[in-house]
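Heads up, there are several structures right after this.
Next come two complexes, and both contain subunit A; in the first it sits with subunit B, in the second with subunit C.
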Partner chain A sequence: MVGDTGMNVEVRNKQTAAEQAASDQFAAVSGSLPGTDAVAATRAAAIRRFTEAGLPHRRIEEWKYTDLRGALRELPAPAVASDTPIGPDTLGEIDAWRIVIVDGGEPRLPDGLAGQGITVERLSEVLAAGVLEAEWPEGTPSAMLDLNTAFVASGVTLRVPEGVHVDKPIHIACVTTVPDAASIYLRNSVEVGAGGSVTVAETFEGPDGIAYVVNTATRVTVARDAQATWVKVQRDGNKAVHMATLASDVGQGGRLTLAPYTTGAALSRNQFAIAFAGEHAEANLAGVHLLCDRQLGDTTLFVDHALPHGTSKELFKSVLDDEARGVFQGKIIVRQDAQKVDGRMMTQSLMLSERAEADNKPELEIYADNVQCGHGATSGRIDEDLLFYLRARGIPELAAKALLIEAFVGEAVTAIGNEAIGEALSELTHEWVSRHSHQEPGS
Partner chain B sequence: MPAVQETIEQVREIDVDKYKYGFFTDIESEKAPKGLSEEIVRFISAKKGEPEWMLEWRLEAYRRWRTMTEPAWAKLEYPKIDFEDLYYYAAPKTAVAPKSLDEVDPELLATYAKLGIPLTEQAVLAGVEGARVAVDAVFDSVSVVTTFREELSKHGIIFCSISEALREHPELVRKYLGSVVPASDNFYATLNSAVFSDGSFVYIPPGVRCPMELSTYFRINERDTGQFERTLLIADKGSYVSYLEGCTAPMRDENQLHAAVVEIVALDDAEVKYSTVQNWYPGNKEGKGGIYNFVTKRGDCRGKNSKISWTQVETGSAITWKYPSCILRGDNSRGEFYSIAVSNGHQQVDSGTKMIHLGKNTSSRIISKGIAAGVSQNTYRGLVSAHAKATGARNFTQCDSLLIGDRCGAHTVPYIEAKNSSAQFEHEATTSKISDDQMFYCTQRGLSDEQAVALIVNGFVREVLQHLPMEFMVETQKLIGISLEGSVG
Partner chain C sequence: MTAYLEIKNLHVKIADEDTEILRGVDLTVNAGEVHAIMGPNGSGKSTLSYVLAGKADYEVTEGQVLFLGEDLLEMAPDERAAAGLFLAFQYPVEIPGVAFMTFLKAALNAQRKARGEAELLTPDFMRMVREKATALNVTQDMLKRPVNVGFSGGEKKRGEILQMALLEPKICVLDETDSGLDIDALRLVSEGVNALRGPERAMIVITHYQRLLDHIVPDVVHVMSAGRIVKTGGKELAHELEKSGYAAFTEAA
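Entry: the complex of A and B
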């Protein structure tokens, strides 16, 4: 929740270069951004809010571990859309309906998706109809979202009608090819009608060595008895900054699985919010951080149980090498009327190097008495006993370590519940681990 | 569950309104004028006959406090405190410092007798050997009497009020005061540094095992007063001490402020066990009145193999803001925190601990049991951190919350920060209500609902109860019963 702590009320410092750049860029490009007058007004209001509040910094409780204001020195200008025909590397091998968005340009849609009964609209079409949502549910922070609202021009809106089960995953591949620093704004959303089901995999990738900024906003709406799985694989370049806001709500009897899998970007922040719109709904989070060098990966989750008989399960795994920092903040709030809620959160960090840092903040805020809620958090290095067990059976040390790391991450990958995607992510984990299972750190 | 007649009667008897320690002692007292200024700080310092450096220290804290803002991050809601509308100094008007118990105002002694605090040494001596407790009693702003001093001094133990320590042992005070909680630490600690009036001072010499429990009993008596006591406890190399602290206050409609600072220093191989039963007046059942308790407690395991253990039972206060912490600086040092926080009525508790691992092979253990009833809010807020050099640090944290009633809240806010890969941290938290199965199991064996709840709650807090000194264990079990009974049924 942003805005309700007294700590946010403080004298604003001088605008940073990045904050100033946002206002200047908006003045320069606002005339050419797509959308009706109403959309333009929404954008103008968003940039005003952003200018007033500025970038979030560590004095704001939710940003305690990620000082975006200090880290984001410059905000590059919005990218110029590219027509380069390019396919994704990430999840490129899985059988899926593939939508490709290059450098925040117009999405390229696959043939045959409409045959599934799904409606696919490009964001530019939605904006032309005068729709740009700026008010998101509680728990969705405003600064990044306001910036997104001000500049966003690309993305897709998917609608799965009642009772439709999409036969294979929909893959939204967001590929960055920019040669120089640029900002890419995207907004994707999916609405699943009553009793329908869909799996969406959103992937991000881009070149190393370029300080581009990705700012993405996502809405997932799951109607009564519907099911949605939203996988987000972030493999942005090693100098990139990735900011993601995702808000979701789950209707009665619905089920939602969110699976953020993060290995990329110098700095990334996933801000996810789950709200329950009906009883007997279920929400799951299965997340992974694989971070090395001086990467900072922050996944912050807000689960709002406002209604009875909800279930939420979170499993988050971080593997941290070199001087990487992994941050997981998860807050479960159970409101007074939300009786019989079952909430379980587990966050585990595995540190491969002496200088890695794991910050975990699992929070419970509970106002209903008839609930079962719990959370657990652990951090440490590879269990010597397990290693010994494997080595005693003739497995070399490095292989044994790799095996243990993959098993550690595998638990979260399996929890996604999609075999093809699970396999592809296991393969990504394997590659990452092969690069990072080295001799005992410091020895 | 409909309330049975028995419950109704019991509740009537031991309602929040019937706070047992809510009497007021009519005693003449001397107060400084309301409000806070440099003059008041000088006045307090002069009253205490303090050395010049101490006055300077206070004034510096005061000037810094003027530039600070109240922290607002805790999960507490209360009207803004008017710091200018408080008395910062109140003392019972007895002649000069009493030389023996005979010179202490009999009204005061009667007060402590009502509280069940044995100040008369004979009375204690007449009791069971081994159950002896040396007491430093603090009434509003001043320490009225410290018992068993002679016997303690035989062992070289210094146990006196901090004002006295400033006069008798200025070198020790100067060396350690503010070395754990600096004058600039936080809003309330800084305020305390400027205006603290009294508190206890303990020094245990090297290799001495303190032969009895040391204890301080705090009581706020005067209207509109803030109580700002400061406790400094130094355990020199290889020593051991167990220290108890208890607090009460009269019932009043207005809120009273209590902002204490406790500093503990444990040198090589020393062990300090610090236990608190905090039972300040919690306010009436409409949430009117009660103590605002903003306390900074911190222990510094400065030496290798040192150990500091905090045990707290929090049943009182309208607002509790308190995080007894351990800085694990020495290699192999250990910190422990055992807490029972019971909130009922309109109480709000935001309490927890900080375990800061700096040295090698340091370990810490946190067991926190929160019980929320009525319309209270009960928050555990804790930090466990391992510095980059804290190789082999270990922590185990367990915080469980129990909700009784559907209008209260129980919250858990842990911060777990590991900057060293060999640090091994485990944290688990649960929140639940008393399960129907547990109730059924008990009632099926012939217990009433009341008895069943008492049994289950006692079991819930047992892990912490075990760590309390015997004297407090009995009191605590009663207190928990009193604090909760209004909520069952």
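Entry: the complex of A and C
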């Protein structure tokens, strides 16, 4: 649909209902949001930026595949914190330190985590101390992040001291139980001190049929020679909108693994950024989209190689059924001083339906002359020869397809490098595949 | 007694194309028999094996195939396997992400399930695999690796025979199992195949060269040329072919 130019200008300037709702809601709740005056000022500045820019739409380059302004018809009011008991767990029974946040309420913390030497603060405490970060690095600022800054009241801040290796994963379960549409704002962060290590799994889940909005912002900081693995599992309800911003930096000799695993929500966007803050650092992204119906899942990554001898590797796997759309945009900048950088990006899509769509947009911007960078993208259907081989051994068609889909996803899951979490994700994949390796009409 | 396999006037073309590849094949294989099919490249040997296994690329335009008296062509590939048909592929495919061991277990249990038998317990399964793998010099490392990924030519063929040994089919079709094997590997694979010979099993051994038939001695030898079986004889026919070459038969066809 193309209107004449006059129309377009008018449409662009007019606030949408969702944009208007954001200002109204802010006026209504800002007085009761946690934080000092300085925090309140940061919030007010953020909502002003949001109002000026509006929601991103497809004429903005980084949002051309995900027209948020068109899709987000309404912005529900912030959720009222709930103490509903929570149901079954996304990660099953894995052995982890479990932090639970229900409907954007105060985090419920496990006993014994402090004994690990880790500091855990609730966001409300951080805000009471006057801290609300509004300056986010390149690749992350957006209207959604501004909304998060304006409204966020819940989340956890984890600090792993120097040399501490946390004995098991920390699981931050963000569970939505709202009975009606509501917006949930969260902000979690982890800082790993020099030589320390931790694995964090952030999971999101919620009810089907309710148009709730999750807006989450995450900071991951990996100091010198430290290691962090941040797994994000998104299984929000089928009518939900999920917007996530993640900024990370990795110091000298450090290693960071980001693993976004997306299978929920009608519309979701992961806006991730990795910045190299030291030499000889390594960053990996192991991502998965498992999408069906008319789901749209967008993972957009910005990697900033500012320093020499950095290694970055991305492996992104999408399985798309029905009329689902999977978007992967990966931009790698190698700045002039960043010699001897090794950057490899691979995206692979497995199409289970002819109506599904995979949009891959790799971008390499290289200003250094001695680097090794490359990207590749493949897209295809299940390989008939492999399918025949399995069937010739007695494995029925649907089971054979399931096995191949799970193997395809499994490569990215294995790249996370954590066995317990890998098994839990394989189980999620298995469940999804059992529901989706159906016979395609006409084949 | 019902024949294990009865192929009658089988005509096959490539689906979506007009070229006929099999042009009236007749072949009957009884319990306990080993038949060799020899013939020049391109004569249709692999096509015959694929059609028996149920590959979708081909279309049967005429004829019939009975497997233990049942209409084979009506069965899905996995049903054929569960009923006891096994094809050792000329070119086994690589399946990234599926460990060989996992695959073997999935295949065996799928067949047992289809036949209404209970699934094997993991310890029993592991013991069985280990025993048969050792005999074929299939290492633990191979069993852990994804199916055929990074396997040498010989390892792939040994892997096929291991599958055959585990699945205990009634009829085995071996397509060029000797290709790419050195003499030691050939002996090992042949021993594995010979160990499976028995009164309750039949085999079709497809090969281009006579040397395999020194190790797996057939009861009957057929020569295939241009999509037909043009000559049938005893094991001495293989030696005759080795001396005179295929040319005489190709012209006869």
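Criterion: the second predicted complex is superposed on the first by the 424 of 443 C-alpha atoms of A that agree within 3 Å, B and C clash if a C-alpha of one lies under 4 Å from a C-alpha of the other, contacts with A are read in each partner's own complex, and residues count from 1 in each chain.
Assume a contact is a pair of C-beta atoms (placed from the backbone, for glycine too) under 8 Å apart; a residue touches a chain by one contact, two chains touch by 3 or more.
Because the structure is predicted, anything quoted here is derived from the model rather than measured.
*Asks:* Look at where subunit B and subunit C land on subunit A after superposing the complexes, then choose clash or fit.
*Replies:* They fit: once the shared chain is superposed, the two partners occupy separate space.
*Asks:* Quick one: classify A:G70 as touching subunit B (first), subunit C (second), both or neither.
*Replies:* neither
*Asks:* Just to be sure I read the superposition right, which of the two partners does A:G410 touch: subunit B = first, subunit C = second, or both, or neither?
*Replies:* After superposing on A, A:G410 lies in contact with subunit C but is clear of subunit B.
*Asks:* Looking at the overlay, what does A:Q336 touch: subunit B (first), subunit C (second), both, or neither?
*Replies:* first
*Asks:* Contact-wise, after the overlay, does A:G394 reach subunit B, subunit C, both or neither (first, second, both, neither)?
*Replies:* second
*Asks:* In the overlay, answer first, second, both or neither for which of subunit B and subunit C A:M351 touches.
*Replies:* first
*Asks:* Have a look at where A:P362 lands relative to subunit B and subunit C in the superposition and call it first, second, both or neither.
*Replies:* First partner only, subunit B.
*Asks:* Please indicate which partner A:G163 is in contact with in the superposed arrangement: first for subunit B, second for subunit C, both, or neither.
*Replies:* After superposition on chain A, A:G163 lies in contact with neither partner.
*Asks:* Per the contact definition in the header, classify A:L386: touching subunit B only (first), subunit C only (second), both, or neither.
*Replies:* The second partner, subunit C, only.
*Asks:* Quick one: name whichever of subunit B and subunit C touches more residues of subunit A.
*Replies:* The partner that reaches more residues of subunit A in the superposed model: B.
*Asks:* Which of the two partners, first being subunit B and second being subunit C, lies in contact with A:H375: first, second, both, or neither?
*Replies:* Touch partner of A:H375: subunit B, not subunit C.
*Asks:* With both complexes overlaid on chain A, what's the closest CA-to-CA approach of subunit B to subunit C, in Å?
*Replies:* Subunit B and subunit C, overlaid via chain A, are at closest 14 Å apart by C-alpha.
*Asks:* Across the two complexes, find the residues of subunit A that touch subunit B and also touch subunit C.
*Replies:* In the superposed arrangement, which is not itself an observed complex, subunit A uses no residue for both subunit B and subunit C.
*Asks:* Help me check something: in the complex, which residues belonging to subunit A touch subunit B?
*Replies:* Touch residues, subunit A against subunit B: 5-7, 61, 64, 336, 339, 349, 351-381, 441.
*Asks:* Which residues, counting only subunit B, touch subunit A once they are in their complex?
*Replies:* Listed in rising order, the residues are 72-73, 388, 401, 403-433.
*Asks:* Would you tell me which residues of subunit C are touching subunit A in their complex?
*Replies:* My answer: residues 53-56, 76-78, 80-82, 87, 89, 92-93, 95-98, 103, 106-108, 110-111, 114, 146, 163, 167.
*Asks:* Which of the residues in subunit A come into contact with subunit C in the complex?
*Replies:* Touching subunit C: residues 384-386, 388-397, 399-400, 403-404, 406-408, 410-411 of subunit A.
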